């Protein structure tokens, strides 16, 4: 039963609201004996941090992660070693300015969860979106940092492959490009295109969506469990749980529906080292819900943020019709910051399946397999 | 922890292989006091049944469902009433011809789960695909029949909206058309197009994929639970668990990534009866993971079946390179029969969330809410 | 979320009522490659079977177990090999005589679940106790037979250590005695005592309770997971789920409350082979929720059956006061047949924790560890 | 799958070690709209707090609980209202003196979890017992404070009914006595007896166990779910998860094994108000795993603490034989402080089953039922 927990053997429970005291997570089931530093976790949080370019929200959050439990501090003063007990990570909210929320506290912003939270719970933390704010994903990114440590032989990477109706040119794909531009774009040629495009969108007070691709390389074959614990199913569920995501796909994804059987199936041969190889990866590294050993490739679509400067029709909690216009800081493309979040969800999900296959205490962690 | 179970309060555990003794499921958590007949379940199984047109596999399966437990038979001789205890449903395999599997038992068919099952388990039921066969979905369809009974006020429907690269014209949408053609097409004009297209594909020994849309109307607002039990997340996980599915989306789905914020968010007004209404349904009936009360709309992409008559390169379990051509019965578009399966997964998932919200024994079932 | 399922990686879902069509279970998560025969499962079912002495109910049930899925039948015609997919086991109800239940269908037998099922569900399968009948435990015993196969290096045994107020003399303990008397008594000297005692109880139309001890030898150290998946916690939960059980204890159990710290803690030394040894086993093989490598010892108390020939005061579903006397076959001590059930629950629970620790596919099964 | 989480719809995940930065819990699934103050939670923590008499450990912990999330602070400055999102509660460790742990870090204290943690995890937080310390239970007591608020109509109380071999006289039972003596004794006459007894034990450097009884009054009939989510099963699992507990029982418990059927079953009659009444409560308020509406009564046995001043034989992590004597603060009867912990586990478990029965959002909370 999950409400605010995902994973089964590598389990992440998140808590916290946008403008509460703090947010964080408990990572339960992490194998013992894994060394990490806060700087290693902070690296991923910084990647998700707002305010790093004019294309994302200007809210200032330092997002400094602290560890409360589950580790033995080492003598060097900055390394922690996991003990197999639950790791609590906390990020304090430092930008909780005392604001006047009286107006927005009763109004339902179109495209937001305001209305549905009120219907379900009858009460809602309206301060900065409360629990429905994407701020919750900071905790996931921290947890993802732990998950990466569980699988040191696996490389988890992500990139933005489309903003609005402007996709990258996949022939230009260069992973080295991703961290050199404000979009996590793997295609250097698309960067100026997106800059102009998003400047226009931002000035128009509007927003656009995006498509993110996340890839895991080095995943051993055999992870995943049919029928209802398929690896692709769990990856999609994890990505779908990210705020504003409306679609997910694996490998060829929706494109697979449009092509022929002979073009979609991946042929096999024996490689020079005598091991099986696939001649293509239309499947995205998963067949029958189980990993093939090829790179795992997933994509997800993020809708345009609903908080725009243009006036929209809505209602309030008292049954009045109102017109709403988001004030203040404005995020023309929330999809950009979803890249490190998608990576984190992929890492956590694969770590979970790795432990399901190899056991909870993970004596034979991936590093040892080689 | 799920292997072969999905749902939390309305839980379905399936079992059985394509050519074993029988397959079936245990539906656990169904509220008591619900009356149903086997004919009502059989209706959905018949919709999924193979051999009903030249466009699907000619394997003959009667798929007659029997109930072993969880019910009190009524005096009329055909009505059952649920007691709140687990309902075991069984479908015997009648078409288990003794065949010579010696060749295929060691070969990995490209695009199939043969290789990954062998890697994971070291042993594999190669008879008709074993557990990885879509035959397992017959059990889901039976469970879906029970789920529909849990929510008598909700209408679950599905339709095929694209075969290969030939989409329907959505302006022609007519639900009444769906059951009058062999494709579950909601657009009467597409039927002759698809007939010609699939005849060509079939004659070429090839296959194509498809896109299915499933809709639930009458779902009360407030179902779903952030953050990791979002209704859309669970729907997508359910659809993704269906064989050959490579992508899932809710509402505008991937299209949402390409349009602007003002075009994607659904505005609200107060309706003539004083209740909130939405002026559009781009969200597909779910905001923040919680149902809005609008129709829930999901789509999923099914890849072309990998069993084609054309020869493909592969390997066998002994490390030999082989060339494989599927013999015998051949399914040019497995996506067609996925329509009732998608409906069943949608029904089970929403029944599950309904019980989470309203309680396990479901004293206040939807029918009583009105 | 469990209703009718227990275990996490080795999961057992049972279904079926006392007088329905059939009962059975789905064993999900069993590792692949395990060979077994139905005769091996039947052995445990026969041990639980009623009608084997005058001290247990005379109801005649053959309890023949069949396997529907999850296995590959081998060429010898009677061996099955598990494939890692769910194993469905079914036992048909052959003794479903058409009886007149009109009286009992509305009356609440004191000490039975009749009243609480009616309160909870509003409907109840009154035929032979329905789902609340101990007949459900036949499915557990079958599942336990599979669990034993998962852990070939572990010996699971049980014995009756007390009937009513007549305990065995533990100094006479002889495991070989257990299968040579109708009570599963490990003390040959208690057998004539219990015979006379139970004959008296039976003739008086009354019943008595019993205490059962179950032991697992050969369990590797390190199984169990603090804090809420403690091995002793899960063992106790499993035993507590057996019908009529009112108390459970591990090692010294309730006695531990009455003795001093120096008498209860188990001292350690290095054994002749250089490995750690414990000098006593007051802990029952578990410390901090994790196995020590010593034998795991648990006991559970079964209440006297509430179905007695003497008249008792009760009410019916219509609010009338009634006097109830159980007619027909009568079981003076249900605790006797609880011995194989306790063994089965212990085996399933330890198999589950074994897989949690070592991984779902159990590549390194216990047999291989040596 | 639980490691450090218990409950299904009312879920508690605890984290933290004895001498780490902080410990706490995340309470997930708490219904919205429940008002509480920190003082109301602190009341239960203070009851568990060490150092309150010479009969418990003198470690000084203030155990001040803070709330990080899941609530809306109200204008009065001290009331919180739950929002349905996860409630994170944190208790900072203030007594983390920098100590020399070099000796104990390698030694296995008899009767402690030192050895098993090392076997399982290969690493262990030896500072004050780390995660295996009873200090973890402070988080449960805080969660129990929330659970009590979920069920305002239910009274959860506990008492110590036996220390060592000295039971109370149940005829003297007086709930008002419980909070007037350092033992939570319901029998005023036992107080001087236990004072003398424990003084003797303490001076001898030894320890004794205890038996605790917890009672829930006002629980509605119909909670619990056969077969593997029985209310008594879940209560026993919860109590068994408390440190040092070796046995649990419901109602007559082990005594039920020794008496006759006619003496153990609870007869029924129609009460003056026309409602069913039970004439006794041997069952402890649960039949067939479902609550009867009578008080729920459970007992659990706590072993004597293994940390005693007398020297005991053991080994260290390097395979040396050593003799261990616990130094410093010493707890002659850990069972005393288990009373509020048992109450908390009972409250959390019943709240969980209440929500399973009535639904996650708990619109119809117990207070409204009346």
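In order of appearance the chains are A, B, C and D, and numbering begins at 1 in each one.
Going forward, contacts are C-beta pairs under 8 Å (C-beta built on N, C-alpha and C of every residue); 3 or more make two chains touch, one makes a residue touch a chain.
As the structure is a prediction and not an experimental result, all values here were calculated from the model.
Visitor: Which pair wins on C-beta contacts, C-D or B-C?
Guide: C-D
Visitor: Starting from the Cα centroid of subunit C, hunt down the chain whose centroid lies farthest away.
Guide: Taking each chain's C-alpha mean as its centre, the farthest from subunit C is A.
Visitor: State, to the nearest whole Å, the distance from the C-alpha centre of subunit A to the C-alpha centre of subunit C.
Guide: Distance between chain centres, rounded to whole Å: 45 Å.
Visitor: Approximately how many whole Å separate the CA-defined centres of subunit C and subunit D?
Guide: Those two chain centres are 27 Å apart.
Visitor: Just how far, in Å, is the C-alpha centre of subunit C from the one of subunit B?
Guide: Here subunit B and subunit C have centroids separated by 38 Å.
Visitor: Which residues belonging to subunit A are in contact with no fewer than two other chains?
Guide: 1, 3-5, 8-9, 14, 85, 120, 131, 222, 225-226, 356-357, 360-361
Visitor: Applying the document's contact rule, which stretches of subunit B touch subunit D when the two form their complex?
Guide: Going through subunit B, the ones touching subunit D are 1, 8-9, 85, 222, 225-226, 355-361.
Visitor: Hey, which residues of subunit A end up touching subunit B in the complex?
Guide: It comes out as residues 1-6, 8-9, 14, 108, 110-113, 115-117, 119-120, 131-132, 136, 162, 164-165, 201, 206-211, 221-230, 232-234, 236-237, 240-241, 246-254, 256-262, 264-270, 274, 276, 279, 283-284, 286-293, 301-308, 310, 312-315, 319-321, 335, 356-357.
Visitor: Within the complex, which stretch of subunit C touches subunit B?
Guide: Residue list for subunit C touching subunit B: 1, 3-5, 8-9, 11, 13-17, 20-24, 26, 28-29, 32-33, 66-72, 81-88, 90, 120-125, 130-131, 360-361.
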